[in-house]
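Structure in structure tokens, see below.
Chain nomenclature is as follows: A, B, C and D, assigned in order of appearance, with residue numbering initiated at 1 for each chain independently.
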Amino acid sequence: MGKLEYVIDELVTGNRILAREGVVDSFGHISVRHPNNPQRFLLSRARAPDLIEPADVMEFALDGTPVDARGRAPYLERFIHGALYEARSDVNSVVHNHSESVIPFGASNKRIKPIFHMGASIGHEVPVWDSHDHFGDTSLLVENMDMGRDLAKLMGKGATALMRGHGATVAGRNIRHAVYISIYLEVNARLQQQAMQMGDVKFLTAGEVDNVIARTASFGINRAWENWCRRAGRPFHVE
Amino acid sequence: MGKLEYVIDELVTGNRILAREGVVDSFGHISVRHPNNPQRFLLSRARAPDLIEPADVMEFALDGTPVDARGRAPYLERFIHGALYEARSDVNSVVHNHSESVIPFGASNKRIKPIFHMGASIGHEVPVWDSHDHFGDTSLLVENMDMGRDLAKLMGKGATALMRGHGATVAGRNIRHAVYISIYLEVNARLQQQAMQMGDVKFLTAGEVDNVIARTASFGINRAWENWCRRAGRPFHVE
Amino acid sequence: MGKLEYVIDELVTGNRILAREGVVDSFGHISVRHPNNPQRFLLSRARAPDLIEPADVMEFALDGTPVDARGRAPYLERFIHGALYEARSDVNSVVHNHSESVIPFGASNKRIKPIFHMGASIGHEVPVWDSHDHFGDTSLLVENMDMGRDLAKLMGKGATALMRGHGATVAGRNIRHAVYISIYLEVNARLQQQAMQMGDVKFLTAGEVDNVIARTASFGINRAWENWCRRAGRPFHVE
Amino acid sequence: MGKLEYVIDELVTGNRILAREGVVDSFGHISVRHPNNPQRFLLSRARAPDLIEPADVMEFALDGTPVDARGRAPYLERFIHGALYEARSDVNSVVHNHSESVIPFGASNKRIKPIFHMGASIGHEVPVWDSHDHFGDTSLLVENMDMGRDLAKLMGKGATALMRGHGATVAGRNIRHAVYISIYLEVNARLQQQAMQMGDVKFLTAGEVDNVIARTASFGINRAWENWCRRAGRPFHVE
């Protein structure tokens, strides 16, 4: 398998895992920066993640222009991905989703914070982007680069952001990292919600969050990846 | 496949999807207006949605009279469907269900409102029909046209209504639309319930709801439909 | 299939359905009064419900004495069943379970009441039996006829009772009826719990409960039974 | 099958069951004391529990030193296991997990206590170990014997402990016992969380807890084990 072919296969696996683990349903998407050209990214045509095949994967310029569409209709919200690749050279994979436990936080003034070590990779606190602040009444979708850049600006150097009335966006250093953060963002939100009903919550300390992030390397992520591949019926490649 | 045969196949698929996605259990039903005669509608005989085959589908006059029963026992509550088709020329498919997250709202004075963009198609607020108001102590079932018309009147031009102590009814422009709204009504209720436990909820603005509804066209719905067909083990037809 | 053979087959199906629908896990059991001798009942040997085969079904006298054990170890709590058959000629099937949503009610002073029409068959209110009241510190299990009779006395003419720190017991007129009530007792508890978090709950009126119970006949129950048989991988017999 | 071979097979089954029942996800582990040498224990190489095969099982000295690694990478947190075997001759199997319902309790000042008879084996109250108390800001992982011994000290003679911001540890007299406690610790936490939302909770009395623990013998545990084996697709061995 060539390098590009391998990355596309990995992207298909990422889509299937996110579907299997309940992070995306019929909507939501994951992209990867092009392995041979940092000014391009790869993202499926508009299709439910659990159905995506290699032939669905399209190439885009960072401004969201399809390079060779061949009649395939792109996701409207590809600008989320392009704007993050444009702003962040450290980001090589982006997930956008509507996972269920994060939506309620996006509609409240409570912030998601790491409640257990697996959740530390979401960062010290997950900010909320409200499209209404700068764009007023919209359909809430990130439908142009202005909106994408506004979201990327709010994320700053962070790994995660919620989107009010919409969902979440996650930025990782590669596909496995972005999927890992997305899955544990959902789990952390679910657990935090339960803990908040019991009274004051002891979150991780800032030092603990930093220590866990420094430790979250490919060794641990690959252990989960092997398991998720099996659950999603996808081959596992040792990296 | 002829037009009628196609619609019946689509209706079977709608039943199976509603079952697979947890909107109906052993009870609940979905109908479609007859493609060749707007004064008729198609609805299965009384059977659990996940078991329905084309031969189960019966034809009814709008007042709920079976056209050619051939020994098949109809659902008692077929009047929900007939009354909506009678009152609303824009409605071509109706779902009645007892999906779990909507029941608690029907028993409270809190109203379901769109909390994320996928929920906007339920309308600005979901009204609650209480059979007790005009019919007193009943078995809560819509067992005649009077009750069906009373429910249809409460729905007005809307897409959704809860029924106190009973469930919900959804009206769509076609089968896929009615299924789509039914599924996201359940999801929206589940998420709203969680958000309400965290304090004040920022719902979508009225303008946002209108914008999302204007955008909810077959392109997006079909993306979900393809995914739901696969999950329900049914063939997907491009429309 | 002879009458006894048929009832045993139905009992196996009841066990499998209760397991598939999450009413029992590795523990819990369902019995049926012997079709040829009202002073006997049929109940599996001590085994997880989802594994039970016809050869596991044992015959018991109403006081819990095995008629022909052939080395098979009975459930300790068979006295729950015997005491109800002894006290109630209208009862022909009994379920004992630890279904998850009923346990919290058994540990609180809130009572389960019908919140939707499917829940009406549980009765107007579900009483709670506390073994501690008459028997003090025990292992909470109903391990003799005294305890069984005490529980049966609390149930009176009702269909359901919770057992504090333990689970629930359901009495039905036949296997399908007892399974039906058990499943919707769990669903009703789950929905009520959610509704209680939203403020005051509008339960069914007493008249509505009576009307639904009067209507809950084999026609509706069999519709669910057909569906549950398919989900549990069991043949469906029309009754 | 020889004695060691049998124990390794049982350990593989324990891993698969914990995964199937939702007690572990891609992380978490179970060990067993070596059947021929009480100064050793058996634990898989670092791999997701649902994927573990007999060849993954490694042997360790009580201080966590691998006896014959053959290139296999061990779990970092093997010290949890070693420290408990070192301190407790009654313990022959240890589970460490991040099961979802226990995490919120570890982050609150509410304690898990038995709410139903199946939960009694967790002990009278589940203590919480906070790594921060003696070790300050860490990655929360038990990465050396000092931390392992500190945790074992807090557990004392008990069967369970939560770990703040991390998960739980369970000690049993054999594999089946440790798995049984782990599963019902999760269930008990889930049910207690629901009950606490309804107001004051009637927990089991101290005498009831003692009575149930005295009764929790292999007869009952094996009934569950047979069921869990089937669900996990593993052969069941009568013990």
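The rule is short, and it goes like this: a contact is a pair of C-beta atoms (placed from the backbone, for glycine too) under 8 Å apart; a residue touches a chain by one contact, two chains touch by 3 or more.
Since the model is a prediction, treat every value here as computed from it, not as a measurement.
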Item to check | Angle of rotation relating chain C to chain D [CA atoms, steps of 5 degrees] | outcome: 90
Next on the checklist: If you average the CA coordinates per chain, which chain's centre is most distant from that of chain B?
Outcome noted: D
Next on the checklist: So the centre of each chain is just the mean of its C-alpha atoms; given that, what is the distance between chain A and chain B in Å?
Outcome noted: 32
Item to check | Separation of chain A from chain C, taking each centre as the mean of its C-alpha atoms, in whole Å | outcome: 46
Checklist entry - Multi-chain contacts in chain A: which residues touch at least two other chains? => result 197
Checklist outcome for this item: Among line, ring, star, complete and other, the chain contact graph is ring
Checklist entry - Which pairs of chains touch one another in this structure? => result A-B, A-D, B-C, C-D
Item to check | Residues of chain A touching chain B in the complex | outcome: 25-27, 46-48, 50-51, 73, 98, 100-101, 103-110, 132, 136-141, 164-167, 193, 196-197
Checklist outcome for this item: Note: in the complex, chain C contacts chain B through residues 114-118, 187, 190-192, 194-195, 197-205, 207-208, 210-212, 214-215, 219-220, 223-224, 226-228, 230
